[in-house]
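The chains carry the letters A, B, C and D, assigned in the order they are written, with residues numbered from 1 in each.
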Amino acid sequence: MTSMPLTTPTASRTRWLKNWRDVLLIWTILLVLVIVASLASDRFLTPFNLERVTAQLAALALVAIGQTFVLLTAGIDLSVGSVVSLVGTLLVGIITDSPESWVLGTAVAVGVGALVGLVNGLAVTRLKVSPFMVTLATLSIVQGIALFVFERFKDVFEGSISRNFGEVFTGNLGPIPIPLFVIIIPVGIAALVLRQTPFGRHIYALGSNENATRLSGMATDRVKLQVYVISGLMAGLAGLYTSARTLSGNPLIGENLAFESITAVVLGGVSLMGGRGSILGTLAGVLIIGILSNMLNLLRVPSDYQYVLRGALLVLAVMLYARRGRSA
Amino acid sequence: MTTATSITARLIEQYRRSPLSRVQPVFFALVGMVILLAIVSPRSAEPSNLINMVRQGGPLALVAIGQTVVMISGGLDLSVGSVVILADVMAAQMISGDESKVIPVVLLVLAIGALVGLANGVLVVLLRVTPFIATLGMNFIVYGAALLYSGGAPRGDIPPNMRFWGNGFIAEVIPAAAVVLLIVALIAWFLISRTVFGRRLTAIGANRRAAYLSGVSVRRVTLLAYVFSGLMASAGGLLLVAFVGVGTLEVGTDFLLGSIAASVIGGTPFEGGKGTVAGTIAGVLFLMVLYSVLTALALPVSGRRIAEGVIILVAVALYARGRSG
Amino acid sequence: MMPTPLLSIENISKSFPGVRALMDVSFAVQAGEVHALVGENGAGKSTLMKILAGVYQPDSGGLHWQGQSIQLRSPADSQRLGISIIYQEFNLLPDLTVAENVLLNREPRTRLGLVDWRALNERTRQLLHDLETDIDPQALVQDLSVAQQQIVEIVKALAIDARLLIMDEPTAALNPTEVGHLFGVIERLKARGSAVIFISHRLDEVFTISDTVTVLKDGQHISTSPAADLTREEVVRRMVGRQLQDIFPPRLQAQGGTPLLEVHGLSNDRLRDINLQLQAGEILGLAGLEGHGQRELARALFGIEPIHRGTVQIDGQRVYLRHPEDAMRQGVAFLSDDRKMEGLALTLGVRENVALPNLNRFSRFMMVQHEDERAVCGQIVETMAVKTPGIEQPVRLLSGGNQQKTVLSKWLISQPRILIFVEPTRGIDVGAKVEIYRLIHQLAHDGAGVLMVSSDLLELLGLSSRVLVLREGAIAAELAGAAATEESVMLAATGVHG
Amino acid sequence: QDTDIVTEHSTDYLNDETLAVQEGEEVDTSAYAKEGPYTIGFINWSTANSWTVQIDEEIKHEATLYPEIEELITVSSDGDVNKQITQIEDMISLGVDALLVIPVATEPIIPALELAKEQGIPVVVFASAPPGEDTQVTTLWADQVLFGRLQGDFLMEELGCAGNIIVLNGLAGIATSDLRRQGLQEAIEACPDGGAGVTVLAEEDALWAYDQGKLAVERMLAAFPEIDGVWSQGGAMTQGAIDAFEAAGRPLVPMTGEDNNGFMLAWQERAADGFEAIAASEPTWQSRVALQAALRILQGIPVNSFYRLQVPTITSETLEQYVRPEYSDAYWTNSLLPKEVADEIYMEASS
């Protein structure tokens, strides 16, 4: 019997486009924003300003990378901000001029972050509590610990962090500001992990259809646990960077990072329902948030109008993108 | 050990088969929290105080009911916090102590809330902006509007006839705010579980595509859900300003996370497709009782935050076990 | 003496709240045999298979694998033994590609431990080639048709070198050609010494491929016997408990008058210049090979796919179908072949699902009248013999066939004037099919028009007054009465003469 | 320097001993001297409460007095340290001539302020604990520890150093809140018995807000039958505490607060019935003084490295002087806003 060819709707070329369309669009919007910003303010494209924007965004970028992993699995991590705060309050007591203390500090930052992530992951997988509630609870707990450390151990955890240590993260490597590396290197690694490793593919699978993924014989709980640990770990690194940048610790400094990171990730095209999105999108989301606020400041817009404009521009950006990106 | 686990397993199994398992877990959490309160502070758990918590939770409950409706449809409304503030500031400033202006201003403010909801709905439904970004953007816009409207320094105050609804008691024991809440809750319950709208809303959250192919006007129903949420957020703001008495920009901080948390605790999942008004109100009361427990524990702020997190985690974990075991 | 069976199932029982799905079931599967498992909807077939897949744990009873007692606590356990399963309900990841789905958790890796994309796509292409389909390994699963998804499910299971391959209704969405390819693969597996458990409601397939047939009824094991010792009638009798005669009701004649539905020159991306008329009282079949436009035509007439050119008239009036709502307002009902994505809100109850397109009928002043609703839902559920503990049961807990009956119910009670049915009896047992045919027949008899797409050619020919055959998006032939035979349809569908 | 634009266009508050006491060293500011017109940046820690709004109003009004000021850019950090750092850096990018900051937190903004210094932008810090020694040219500060101490001393005296008190803080981790709380601790410990007779029953962060304050006190009243005094940092929280006591039908106890008009009105109404209270003040006029300091610096006129602000303590006797019945609750009474301006913003429509 003759078999008629099935007309398959997607060829590899359109598949490529489909995959990258969202990313291309969000980067186009970013490009437009950059052009607008540089036309509107002659201060925008100065080396000083670009360097500052980079330094401002590094912590958000780190947190957003971790948040991307979590959101891709249809989870959410609200505790990242308080991890940043806690790490900062601890590091003040640890980091001195000695390189050993730097190693210890880094270990503490990573360790605390990973530990909080582990608790989140265990609670989500073992206790079967919704990620929103779990991480809302750990947000509160970790914040409490940060305040406790800050209040009770003033004598130990006081003063400022070694300037030399700060330089490591905020200085320049030749002509290039180090915060750029703080952003680019983790973005590169995360992109590689998500796109090229089996683990990365399993994250997408989990977010796309958890049940089906489980039935494929995959240990879905382990993957979930891992993404929360990664998110905690990235928050720990963001805490490390923030301490280096501010040379101090503060129990409230990370407060808004959870929300901002989720915004950046969603702006970058990751769906809250999981399974769709990419790190490059997240990076664009982070940059858009940062450049938008920088532009409004450079244009001398007073706070109250800034709120209105920020809201309107945010919606506008996604509107262009949503219309083209989703109407198929 | 093994016997212990098998006994628990048997108990869980028995519980699942009993009519008790039909009761939403949040009610157990609420009762557990009240018992905890009675232990740490018997005085706080007296009936009159418990009733008072209904009043304290009134504004949040109104906002959370709106949030629940949007969440059932599979969406999210992040603009509620600002809408509460805008409603608060506008009401105080426009009424400015004049009893006769209360009714028209209340209606106007409700209409503005609904309008914000409509804008959210248009963004989400017609312009296809993801709910997170659409309502977050709206949150900024509305907050900016509240700042601009009040010039940063809200003035005006609320006359006694309106304050009564925030502070007063009917027959000396029933807080007027609780009555407001009860009426609104009944209407919302009716809307969700008795009307065609509620049915369609749930279907959209459970499977948008299937709902659409069953002739449900996905867009119209989704739009209405956001309008309802905007309306409820401004109602929450009005109830709050009736309680506060003056216009202020400093409120509303807890309304966003609080309304989502109450909905989630009350059994509305992020994915949508289910959710009840009673569950959400129980979620709000759970939070109110929790705050009382924390106050009674008399911990410093750091300890409070830790205790708050631990209690929430334990409570939701316990009832998650009962559910999926 | 019989050799040690590959798998023996011993006294397995399993209950769900309100349902005893399996009671004391025992039988054995030998290496190198194709073992068919048949039974009515809800008989417990899928439940048993899920126990073998490690998804459910039995309440009592045990399993032996080559004589060794085994415990399967998770899908991973079962995969480790070499058990591979095609679930009745699709378990694909819509956002991922075909290749990523097929080799999920078994991705070929480069020396650095990264995903080897070339190998991934190449191996998938090879596996797809064995089934003679040309699905692009890099296509996103969400863009595939139901039949294509079914093939991906099959390929996914074949990707494991399985000792025991379980197929839970793999052919429900396939056309005869595809079924032929699948059987070729099964023969090869068999030759290699693997065992296959094959579940299907198409008894002719069962007799074509299987060596042994086990019948389940209401969760109990009825019989296990060599296929050669059985007849079709005997299997039906064991399944249903009675003899079935006259599967198809007598053919209907069109009632004349203004056509209910008239289509002129309809074209879009997948359809070319379609003209058709549907009269009251008529059942019009749309036949053709998968992917040639039958499905698209059905969807266009419900306002799901765009219509670029041409006109649609209902009762002689021109209508514009942009949304399902537009079509529904004209009294059109549409049953999708994708019940999971398009038919059911799985988390909601049977009642809520059945009521959804009928809410206006059940409501007064926008309020749902629960008594009316419950009465009508209860009645149709009984007529259709939906096996469920109650009308409040979440649909996801029903067996596949009973889910299909639920979707059918919601449209059958919607009092439509034009019914568009795509694969209406997918996964439905022989006994229930008779009842469904009767209901469809009744609706047409009462003046409705029915447009039906089915890959089950027998069904299509048995029910339709007229058959339109589509090829490459255009109508290739119109066959009526005695002219409509399997041969004539296939001939028109493939365009091959002689 | 023969002319000084401050004395030319406005009243010299900076050198007014009744407002600000000069401390620290005299700083040579000649390096910062430049010709006008000036663009001056002001970063407020928040604009969500009426005090911060009035701070904005005062400085905006002061700025209108000087033709030399081309633009005063005001932004709010919304209590977010990170955001404040970003704003400082953006102001530097923008090239403002001078920068005024109310720090959200002290240490974390030091590197950003140092950057300003490197770029030759003079910084004036006020209304919160000074970040560093030499990151800013000058600091204006009303001692927050003293603020809490004054309130605490009053309460200890009322209670005779014995009894149960409840505590309402602003927000832990925010310098102002922590320092005021520290002042209370000092007051308690200064009691003859080292504060052994005083019990802090409960303590909550109520964000200086009315609704939060009232809810917190309602819960405390429910839990604790005997409360002898309320130490509130102020804002609108004290007003909330009063209302909570009355709603619960409990007799008023001595309370502390701030010069917020809403609280002062409530206090005045109840003073006749024996309600005892005290209000400390964190003056809103300090933003003007800060602006004047910046203008002096930009002219190369020396300033002192530190100014300690004089703050009145308002007692039942002096209450009358401060309270403004015709203004809204949002008004802060220790203000230098001209009557017309204040009327415009705060006059209640009905009065």
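Here is the rule we use: a residue touches a chain if its C-beta (ideal position, glycine included) is under 8 Å from a C-beta of that chain, and two chains touch if they have at least 3 such contacts.
This structure is a prediction, so every number in the text was calculated from the model and none was measured.
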item	value
Dominant chain pairing [most C-beta pairs in contact]	A-B
Centroid distance [mean C-alpha coordinates] between chain D and chain B, Å	34
Geometric centre distance via CA averages, chain D-chain C, whole Å	72
Chain A-chain B separation of Cα centroids, rounded to whole Å	29
Shared interface positions of chain C, touching two or more other chains	none
Chain D residues counted as touching two or more neighbouring chains	47, 172
Set of chain B residues in contact with two or more other chains	147, 152, 300-302, 304
Listing of all chain pairs that touch each other, if any do	A-B, A-C, A-D, B-C, B-D
Chain B residues within the chain A interface of the complex	76, 123, 127-130, 132-134, 136-145, 147-148, 152, 257, 260-261, 264-265, 269-271, 300-310, 312-313, 316-317, 320-321, 323-324
List of chain C residues in touch with chain B within their complex	17, 302, 304, 323-325, 328, 334, 336, 341-348, 352, 355-357, 359-360, 363, 366-368, 410
Chain B residues within the chain C interface of the complex	16-17, 194-197, 199-200, 202-203, 206-207, 209-217, 273-274
Complex contact set, residues of chain C against chain A	53, 55, 74-76, 78-79, 87, 90-97, 100, 104-105, 107, 109, 113-115, 132-136, 138-140, 143-144, 148, 156, 177, 180-181, 270, 289-292, 493-494, 496
Complex contact set, residues of chain A against chain C	1-12, 15, 18, 192, 196-198, 200-202, 204-205, 207-209, 211-219, 275-276
